[in-house]
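See structure below.
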Amino acid sequence: MRNPQLNANGELTHLLSIEGLPREVITQILDTASSFLKVSHRDVKKVPLLRGKSVFNVFFENSTRTRTTFEIAAKRLSADVINLDVTRSSTAKGETLLDTVDNLVAMHADMFVVRHAASGAPHLIADHLRRLGREDVHVVNAGDGRHAHPTQGLLDMYTIRHYKTEFANLVVAIVGDILHSRVARSDIHALTTLGAAEVRAVGPQTLLPTAIEKMGVRVCHDLCSAIRDCDVVIMLRLQNERMNGALLPSAREYFRCYGLTPAVLALARPDAIVMHPGPMNRGVEIDSDVADGPQAVILPQVTFGIAVRMAVMGILAGN
Amino acid sequence: MNEQTLQIRNGRLVDPANGVDARLDVFVAGGRVAAIGQPPPGFTAQRVIDAGGMIVCPGLVDLSARLGAIEPELAAAVAGGVTSLACPPDSKPPLDEPGLVERLVRRSDTVGLARVYPIGALTQQLAGERLAEMNGLARAGCIAFSQAKRAIVDTQLLLRAMQYAATFGYAVRLRPQDDFLARDGVAHDGEVASRLGLTGIPVVAESIATATALQLAAHTGVRLHLSRLSSAAAIGLVRAARDGGMPVSCDVAVHHLHLSEMDIGFFDSNARFDPPLRAASDRDALRSAVADGVAAICSDHTPVDADGKQLPFAEALPGASALELLLPLTLLWATQSRVPLLSALARITSDPAAILGIAAGSLGVGAAADLCIFDPDGSWRVTPEALRSQGKHTPYLGYELSGRVHLTLVGGRVVFEG
Amino acid sequence: MNAQKTPHGVALPDAEALCVQLADLIRPHLQPETVVVGIHSGGAWVAQRLYTLLGLDAEIGLIDVSFHRDDYRARGLHPRVKPSSIPFDVEGRRLILVDDVLYTGRTTRAAINELFDYGRPARIQLAVLADRGSRQLPICADFCPWRVDLDPSSELVLSLDDSGRLQWSLDEHA
């Protein structure tokens, strides 16, 4: 089965998931991103690569923050950006996902940035475009269900590489609601592909997916032993609706067992960095003293995110 | 169309019900098997069918096939060599009223292709709250009662449903799955679902419901058939019950003999099934159970249109078009598992007929002349055009399969000729 | 000059010697505030040589034109984009843009575009080691020690040998 992200020449034509991306492709994206990072520091923060191209932000699930970062990235590449709030318009009228796509293709879209609540929705769109013979239209997955959030995974790798240079000897802990987290899955694929020494998946059994160890991680239930000697700690957001009841007794108990406090972080390596995909729940998964502390690199993640998204769009649109 | 007198000659007759596997001619008169081997005295054939190089077997009996539109699906059935099929009650509306059953029987009789045996709803609207009028439904033509894919969550009501069915000697068929454990699930709770971020249905959802059904059946004495088992654990429970002398039967959908969770690939909605495709080890346990005769095979034919499949995996409808693939996929399994043809065909003829308690799946003298002539080596490509069913979706689209039906008889009438 | 001979009979001069000649051409025009900007990757090496030979004070700038190339639609983004680094304020500066080979002029056009994204320079002059003709844009070099006519199937390539010396080679395309 051909990797649906690659075209007949083996070039990256969609970014759907980090799973199956060769190490060289990930490295190329990160290297390109570092060039784009410099662009953001210039007088004119724009390059003309995507001039005349139409990028459609198609968000079936609301996320102003992610949509904005894609919008900034596309605009810095000189693309025309059209934001569609599909949560309200078409689906409410009974239009299917592929109807929406057909309509946008008819409007000469060159790239879709898609967020959808269902895992696999961007794959469906990419497959549909292939059947239409429209491989010149590119799909970027901006988060699908619990499956993948590849640009977040890539910007996390960019951040780690920025502070740690090499992946080979790194111990990385991913803490929290891995079950529902597309970020965790993308980070795990990226870290294992880039050769991190150890990736620890940390949380109570109710928040860890079945057979997660098959993805190449070590499962830990105890936060202290999981954080010990870590180089990188990635904290995941705990959604409000998961806090009370079936998966966890309460936010208070969760923070007591899995919240990252300065005392717990002290167990990690002294130069360990703390990451979070945002938005943070202070006092639920992370203590404010850690979130605002010297080891947190949460805001640099946001800055790097724009450069990484520029790199992804720049590479895809050229293939 | 009047029944002709027919002679089917030169074929290899494989009739599991009678333990026959030999080069024997079959003589048909008055819609029934008139003789095997030598013609009865004074027989003249109005039509002689040459079955040289082909296999002649009883028409296939399918334990579960959903009919969307009746005519195309029954045409698909006979094109696949299926002459009798049991239809689950989860049609729209569900088969919980005698009038609906009578209409289905009448319409399928009018179409006059495969024989249709309705399975009645165990509870009204399949809602699992109030018992359906089982006696009235049986009088209208239902041969067993089931909840199709729906569970009876209230175990007291399940007990009562079994007791009531047992009162009249009706068989109860259950697709065992615990509603709570399967909530929102769309795929086997294993490494593939975890990787793809799909909500999983754990094996315990099936094994717990199986154990519950077995215990209640033992308690009530109802005749129980478990439909479409998907896991090694559930098969193990059925084996143990049968070893303990309980007359429980079960079946496995033909796709589950071949496919596993891995076949979901990159969210292929054609691999979305209910119950889900499970781990390779589960599939292997299902294969052994069928080889051992513990389980029969059904097509679980479910025609789904493009609108139902061209959706993100979790939103797509489960099921596949399978009436025309039942024979080739059974033959493929038999070849791969080195199961003799006689045993393999038993799983789709005499075994399901016995489970349904219908006079079918046998070519003994005097039996209805429901039969299928197929070329075991004749291969064909599965394409939307090749399928007569209105459901064009199957994981086997594009595959080349062996086992091509040449001719199908129902009651001595040629209902399909390829 | 110890020139190499290629199979096609084109004499390839010594690249290091050309750098010295180029520096000699530039020197009389040098102003105190002049800075040198090299285009990745050949131009960057030449710019390094000029920095040393001319004894410049200001750090050199490096520029990667991948983001401004006009063949992006046909060829995609270059797989190894290097960050541009302009460690000085471009506004009002006199710049000498340095490349190894001047050919169609498209790279120079892209580099000038990129430089303008940093500010408005007072003047840009172009210095190249070789001018092989066949321009497709109205661009010409201000400083050039070697002009040569080459067949379009030949690619003139500047590279670093194992000892770190610049050398020319000629790649033939079918």
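Here the chain labels run A, B and C in written order, and each chain numbers its own residues starting at 1.
In this section, a contact is a pair of C-beta atoms (placed from the backbone, for glycine too) under 8 Å apart; a residue touches a chain by one contact, two chains touch by 3 or more.
Being a predicted model, the structure only gives us computed values, none of them experimental.
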Item to check | subunit A to subunit C, fewest steps along touching chains | outcome: 1
Checklist entry - Whose C-alpha centre lies nearest the centre of all protein C-alpha atoms? => result A
Checklist entry - If you average the Cα atoms of subunit A and of subunit C to get two centres, how far apart are those centres in Å? => result 39
Next on the checklist: Taking the mean of the C-alpha atoms as each chain's centre, how many Å separate subunit A from subunit B?
Outcome noted: 45
Checklist entry - Cα centroid separation between subunit B and subunit C, in whole Å? => result 75
Checklist outcome for this item: Expected list for subunit C, residues touching two or more other chains, is none
Item to check | subunit C - residues contacting subunit A, complex | outcome: 64, 66-68, 72-73, 75-77, 79-85, 113-114, 116-119
Next on the checklist: List the residues on subunit B that touch subunit A in their complex, please.
Outcome noted: 189-191, 193-198, 200, 202, 265-267, 269, 307, 310-315
Checklist outcome for this item: subunit A contacts subunit B in the complex at 1, 4, 16, 19, 96-98, 116, 118-121, 123-124, 127-128, 144-148, 182, 185, 209-212, 214-215
Checklist entry - If you look only at subunit A, which of its residues touch subunit C in the complex? => result 11, 28, 31-32, 34-39, 42-44, 46-49, 314-315, 318-319
